[in-house]
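Each chain carries a letter (A, B, C, D, E and F) given by its place in the written order, and its residues are counted from 1.
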Amino acid sequence: MGGRDATMVLLDENGIRCDGRKIDEPRRIMIRAGGLKNADGSAYIEFGDNKILVGVFGPRDVHPKHMSNTDTGILRVRYHMEPFSVGERKNPAPSRREIEISKVIKEALEPAVMLEKFPRTAVDVFIEVLQADGGTRCAALSAASVALADAGIPMRDMVAAIASGKVADTIILDVNNEEDQAGQADMPVGYMPNLKKITLLQLDGVLTSEEYKKCVTVGVEGCKLVYEIQKQALNDKYFGKKGD
Amino acid sequence: MASKTVLDELKRTQILELLEQGKRIDGRAFDEVRELVIEANAIPKANGSARVRLGDTEVICGVKIQPDRPFPDTGDRGLFICTAELLPLSHPTVETGPPQPHVIELARVVDRGIRESHMIDVSELVIKKDKSVIGVFADNVVVDYDGNLFDACSYAATVALLTSKTPTWNWVDEKPALVEGDLTPLPVSTIPVSVTMAKIGNHIVVDPNGDEWASMSARVTITTDSDGNICALQKGGSDGFTLDEMVQCGETSIRVGKQIREKLKAAQEGVQ
Amino acid sequence: MGGRDATMVLLDENGIRCDGRKIDEPRRIMIRAGGLKNADGSAYIEFGDNKILVGVFGPRDVHPKHMSNTDTGILRVRYHMEPFSVGERKNPAPSRREIEISKVIKEALEPAVMLEKFPRTAVDVFIEVLQADGGTRCAALSAASVALADAGIPMRDMVAAIASGKVADTIILDVNNEEDQAGQADMPVGYMPNLKKITLLQLDGVLTSEEYKKCVTVGVEGCKLVYEIQKQALNDKYFGKKGD
Amino acid sequence: MASKTVLDELKRTQILELLEQGKRIDGRAFDEVRELVIEANAIPKANGSARVRLGDTEVICGVKIQPDRPFPDTGDRGLFICTAELLPLSHPTVETGPPQPHVIELARVVDRGIRESHMIDVSELVIKKDKSVIGVFADNVVVDYDGNLFDACSYAATVALLTSKTPTWNWVDEKPALVEGDLTPLPVSTIPVSVTMAKIGNHIVVDPNGDEWASMSARVTITTDSDGNICALQKGGSDGFTLDEMVQCGETSIRVGKQIREKLKAAQEGVQ
Amino acid sequence: MASKTVLDELKRTQILELLEQGKRIDGRAFDEVRELVIEANAIPKANGSARVRLGDTEVICGVKIQPDRPFPDTGDRGLFICTAELLPLSHPTVETGPPQPHVIELARVVDRGIRESHMIDVSELVIKKDKSVIGVFADNVVVDYDGNLFDACSYAATVALLTSKTPTWNWVDEKPALVEGDLTPLPVSTIPVSVTMAKIGNHIVVDPNGDEWASMSARVTITTDSDGNICALQKGGSDGFTLDEMVQCGETSIRVGKQIREKLKAAQEGVQ
Amino acid sequence: MGGRDATMVLLDENGIRCDGRKIDEPRRIMIRAGGLKNADGSAYIEFGDNKILVGVFGPRDVHPKHMSNTDTGILRVRYHMEPFSVGERKNPAPSRREIEISKVIKEALEPAVMLEKFPRTAVDVFIEVLQADGGTRCAALSAASVALADAGIPMRDMVAAIASGKVADTIILDVNNEEDQAGQADMPVGYMPNLKKITLLQLDGVLTSEEYKKCVTVGVEGCKLVYEIQKQALNDKYFGKKGD
C-alpha cells in the first residue's frame, strides 16, 4: 500500500461512494447456515462480491496426541483462497498472508467459543474463499461464527465483523476492494455485541488520533448490523419457514 | 476415505447382498448416474466456472485465462492445465498439506480426459509465437464428498470451460496488452465426458457413491468425445477386470456419456 | 499430447514400423532375476532401450506403526527416474507423473500378491528407471513381478505388461517412444495370464469402440509373450545352468 | 514460549496480584518501557544495521540493498521487505524448520508498521523503470527472548534503515552497474514507532516482558508516525478489548511512541 | 547404516581383533583396494556414463550435457555439477525423502574432489559469453551398498566424464542451436582419484567395506591429480587423527591413487 | 574454485600479505564466553571481520524419543548464516553448504565432548554467523568449544581451529576472504592441543606432497595460538577481574 492510487473518485460531492453506497452503508450481505453434508456445521456468506464457504468439524480427537491440551479444547482455523478467487490465478500453496489471517481469525473466535468444555479435543474451522472482493477476513469471520453455532459448539457470543476505513478524508463503513486499493485506511473489526468485546482489530493506513477513535466506533456499529444478519441466518435454518 | 472399520465391513456386506439381488443401495439401476445438478457461472469474476452436484458430491471449478510463457519446445501452443483439490471441509478425513497420491491421480486423470479429447484447440491460444501464449487453468475444488470425484470434477471443468469468456491480448512493446471488452468463447472442438464404473464383487456399477466407493475392489474411468470415441481411460483399485468386462465398460461409457453430454450442453446453453 | 506430430512415417506400405518391427512384434526383451546383494529380491529388465532395475524389501515392519494394517500386509511402490534416464536432465525431486505411476503400478501388483499372509508388515518395491525409451511403466511392472517372486513373496500370479496402441490408423503392439510421441493412441496393459485379469489399463488417444476392443485384446496377447520371458528369467536363476 | 506449566500458572497469579496493587513484576509503571539499548552499525559490512536490547530481549537487524526486478505492475517503485526470525539460541523452546504462524505474524506486523508509515519512499528506488529497481531487505534475527518481539524488531529495523547507506547504480548495457563509492542515505520521510500493550486481567501494560507475555490474555501493537498519527495496528491473543480500552491504547501508543522516537533518532545521530 | 546393534558390536570386536593381528576381515592388506569393475557407457543414451562395482558397492553415473544459463558473475565459464543419491534399493535402511546430511556431504565431497582437480576446463564450455554456457551434470546413483561410497561415486563420475561426448551448439537467433552429429570429448586436463581411509582402533585401512565402515571411528578422503598432487581432502567421523597419521594418509592416497588411475584410464580406453 | 583469480597481489616482495599480515600471522581474534541470557552456555567470536554467536542448550531431552541413544548422549549442531552476513543477501533457507558444515563441525566437536556421561539426552549447539569474512567454520568451531565449556558440558579438551593455505606458492596461516577467493589452497584445521588430535580437516586446492605436510603443520601450530585465546576467554569470565 506504499503508493495508494488517488485518481479514482471514491466519494462524490453528495457523499456517494464509487459503488453507489452511502458512507455508513454496508454492501449486500447474505448468510446461509448449513449446506454441507459432511461437515458438522457450515455456513455460506455472500458479502458484496465475496463468496465464502465455512465448514466446521469437532469437537474431535487430536493427532498427534501431544498437540492436544488436557485442560481445554483447542481451536484450529485455516483460511484458504481458491486459485480462481482473485484477479490473477493464485498459487495453490498457502501464502504467508493466508497463514497470518488464519491466526488472526482463530484468535478472534477463541473468546467466543467455550473451549474449556471440550478438553483434549479440537474444533476445526475450514474457511474457503471462492470469490474475493475486499474484506474477506471479516466476511470469513462472520460466517465462521455461524458455522460454529450450526455445529452446535457451545458459544458465549457470536463474533460479527466488518471493516471501517478512510477514503477522501472521510471515515466510512465496509471498505470494498477499490476503496482498499485507492483509499487511505482499512480497519477490519471483529466484535461480540453481547459481550461488548473487540476480538479482531487491524489497521493499515494513516489516521489521526480522532479519526482512529471514530473509525473503531464506526466499525463496532457496523458489526451490530452484521450480527442481526447472522442471527437471522440461524433463525431461518432452525426456526424458519424455509426448510434447508 | 481409506480407513476400513467394522461399520464399513457391514455396509460392504449389505451392498454386496443387494447387488446379488440386482439392486443398488440407493435404488439406482447398475448403469444409472445420480442426479446431476449444474450451476454454470457460479463464480462470476472467474473467466468461467461451474458448481456441480453429483448426488451428494459437490465440486466447484473456476477457470482463469491469462498470458503465460510457453514451454521451450511448444511456442506455438497455449497452455491447458486442469487441477483438483479436496478441500478439508469436504470430508472429516481430508488432511491439509501436500497433495496425496490419490489426489494427484484424480487431478491428472481429469486433466488427461479433457486434454486427450482435444476439447480445447491450444494452437489458437498464442499471443506471440515463442514469447507469449494464453494459459487456461481449470481448478477444481471438492466441497462435499460422496464418492466418484473423477466424474464430478470432469463435468465441472468441462462446463466451466464451455462457458468461459476469453479476453484478447495484443503484443505491444514486447508485452501482452489486454484489449478491453473483447471477449470470445474458448476454441472448443468436442465435449469430453468421463464415466466411472466400480467393480464390487462381480458386479459393475456406474457412478459409485461414497459407500460403493469404499466397497469396490477396482474401478475404471473412461472418457468419450462427442463422436462417441474413447479418448482416455484409467483403471484403478486393487483388483483386476476380465477382458470382457473391460470391453463392456467401454460400451457403457459411450452410452452413458451420451446422456451426460446432453446435460452439459444444456448447462452451457442456460447461460448464453 | 494435444497436438501429435504426424510428419514421421510410422508405418510403411509393407506394414513395417519406424524401428523395423512388424505391427504385432515387441521390442527385444531381456529380464534377469536377482543381481542386487542387499535387496531381498531384485530384477533387471531391458525392454528395447529401456533399462530398469527393481529391488524388493520385505515383508518388514512398518514405521510409523499406525501406517500398518492388522488384517493384511501392505504393498508400497516407488517408481523413480534417474536424472540421466531421459533426454533432458530430470530434476531429482519426484514429479507428479512419477507419483501417479507409482500408484498405478502398486494397484496393478496388489491383485497378484498374497498380502493377507503378512498382516502388519509391508513389502517395498523400488523401481529405478536408468534409461527410458517409451513404455517404462509396463517394463517396470513386468520387472517388479519378477523381483517380488525373487524375494520369495507368495503370489497368485505374475503381472506381465506391455503397451498396445494406434499408429497410422493401425492397432500395434509395444509402442516405442517415437510412436508414443507421434502416434494416435497409447494403451499400457498389465495382465495376469493365469488369473485372466487386467490389473493395469490406461489410454491416451482417440479410439473408436471397435479399435478400443482390438487394442485391449492385442495388449493382452502381448502380455502373454512377456509372461514367458518373466518365467524364463526365474527359471534361469533358480533352475538354470548359468549360475547367478 | 507457548507451553503452560504449573510454574507458569503460579507466575501468572503473582503477576495478576501485583497488578491489582498497581505494581508490575519488574517494578515498572504500567506505561513504562524497559531499558532500550541501541547499537547502530553493529554489522559494518551490511548496508545498515542495528543491535537492539529491550530489557533482556535482543534483536539484530541487518539491511541489504541491491538491484532487483520490480513486480510486474509496479515497475516505478523499489522493493521494501522486512523479515523476522527467531534464532534457536534465543530460547530453549524455539524450533528450527519452516517458520511457525506466530513468527510469520511477527514479521508481517513489523513489515506493515514500517511500510504503512511510508517511512521509505520507494518511488525513489528505481534504477530503470520496469527493468530494474533497488530492493531494500531488512532482516531481523532474535538472539535473546524476553517478550515483546514486535517492538524490539521494529526498533532494530527502523534504526538499521535510518543509518543505511545506499549505493548508486546506473543502467548500462541492459544491466545495473554499480557506481563505486557513491553512497547516500535511504529516502526517509518519517520515523515509525511500534508500541505493544498487553492485557492481563483487566489491566493493560506497555512493553510486556517474557513473564507478562506468557500471562496476558490479549495484546495490541500500534504504530505511530512522526506526526503522531496512527498508521498500523494489530490485535492478537485469545481475548478481546472493549472499545474504550482500544481508544485508550491508541492514545498510549502516541504518547509512548514519542519518547521512543527520540531514542531512535539519538541512535541514528550517534553514528553520523 | 547408522544403527548400532549387538551384532554390529560383535562384528566390530572381531574386526578390531583381526586388525591387531595385521589382518582385515576380508583378507585384504591394509592399503589394498577391493576388486574394481568398471563398465563404461552403461547408459548409452546419456552423454557419458559408467557403472562401477567396488567390492559389493555398486554405483551408476550418468552425465548429461546441455545448454544452461551462466551464474551472474561467471558468464565466461560453463557449469559443472556432480551429485550423488542413495537409491532405496541399495540398502534396507535407506529412506526416501529429502537428502540427509551424510548424503549431502557425499555429493559435495565427490563434487569438490573433481572440481578442485580442475579436471574439466569449464572456460571452454561457453556458447555465448554471459548468455549461454554448457552445463555438465554428473549424477551418481548408488544401487548396492557395501561401504566407501566416496570412492565408488568418484570413480564412476570420473569415468563417465572421461568417456562423455559433448554436442556442439551455435548461438543463433539469441538461442543455442544444436549442431547435429558434431560430438567431441570434454576438455579434460587431469584425472582425479579419491582414496578413502578409515581409522579403526589405531589402525588405518584403505577402502573400508560396509562392516569396516560401521566399525570405524574416523575417516579421511583424499583426492590426488595426475601429477601426484593432493587437491581435496575431507576428514569425517567422531574421532581425530594425529598429525603423523594425517601426513601418512596423504602419502597413501598418492600411492594408491596412482594404481586406481591406471584402471580408470583403461576403462576409458576400452570404449574408444 | 575452478578458476581462481590471480591478478591480486596476495604476497609482496617483503612477505607481507594483502591485509598487511605476515605469512604466519593470524587476524585479530576476540572471544567472549557467555553473553546470552536464555542459552545454557554461549560465546561470541570476532575473528578478523567474522562475527559469530554460539548458543548451547543441554543436556536435555530428545524429541522424538527414538532419536535418542540409550548408551550415550548425542550432539546436534546447526551452522547458520544470517541473510545479511554475506555480500549478496542470503536466502534464509538452509543451503547444502550449511548442512555440510554443520556435520563437519559436529564431528569435529564430538571427540572433545564426554557424551557418554549423558545417555538419552542431547546437547544442541546453535551457530549464528552474523558477519562472514572467510574462515567462518574455523571461527565457529573455536567459539562452539568455548560455548560448550561455558554451558558446563564435561569435555576432554577444547577444539581450536584456524585455516592454513597457499598463496603465491607460499604456505600461510589464517586464510582471509580474498586469499580464499584468489589463492591456491585453503585448509581449515581443527585441533585438540592437549589430546594432540586433528578433528577437523578439509582441503580445497592443489598442494604437492611436501606442501601438504607443511600446510597441516602450520595449521596445527595456528590452532595452538587460538587455544590460548579460548582459555583466556573462559578465564576472563570465570576468574577474571572484569565481571560479565
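FYI, a contact is a pair of C-beta atoms (placed from the backbone, for glycine too) under 8 Å apart; a residue touches a chain by one contact, two chains touch by 3 or more.
This one's a predicted model, so the numbers in the text were calculated from it and none came from an experiment.
Undergrad: Smallest number of touch links from chain E to reach chain F?
TA: Minimal hop count between chain E and chain F: 1.
Undergrad: By the touch criterion stated at the start, how many steps lie between chain A and chain E on the shortest route?
TA: So the least number of steps between the two chains is 3.
Undergrad: Tell me which chain's centre, taken as the mean of its C-alpha atoms, is farthest from chain D.
TA: Taking each chain's C-alpha mean as its centre, the farthest from chain D is C.
Undergrad: So how far apart, in whole Å, are chain B and chain F when each is placed at the average of its C-alpha atoms?
TA: So the centroids are 58 Å from each other.
Undergrad: Distance from the CA centroid of chain A to that of chain B, rounded to the nearest Å?
TA: 32
Undergrad: Using the touch rule from the top of the page, what residues of chain E touch 2 or more other chains?
TA: Counting only residues that touch two or more other chains, chain E contributes none.
Undergrad: If a residue has to touch 2 or more other chains to count, which residues of chain F qualify?
TA: Chain F, residues with two or more chain partners: not present.
Undergrad: Answer with line, ring, star, complete or other to describe the graph linking chains that touch.
TA: Contact map by chain: ring.
Undergrad: Reading round the ring, first chain B, next chain C, what is the order of all the chains?
TA: Starting at chain B and heading to chain C first, the ring runs B, C, E, F, D, A.
Undergrad: In the complex, go through chain A and note every residue touching chain D.
TA: 1-3, 71, 96-97, 99-100, 102-104, 107, 110-111, 187, 192, 195-209, 212-213, 216-217, 220
Undergrad: Please name which positions on chain E make contact with chain F in the complex.
TA: 74, 77, 80, 101-102, 104-105, 107-108, 112, 115-118, 120, 122-123, 220, 225, 228-243, 246-247, 250-251, 254
Undergrad: Quick one: in the complex, what on chain E touches chain C?
TA: It comes out as residues 42-46, 49, 56, 60, 62-64, 66, 83, 85, 87-92, 96, 137, 139, 141, 143-146.
Undergrad: Name, in rising order, each residue of chain F that touches chain D in their complex.
TA: 36-39, 42, 49, 51, 53-55, 57, 60, 78, 80, 82-85, 87-89, 92, 124, 126, 128, 130-131, 133
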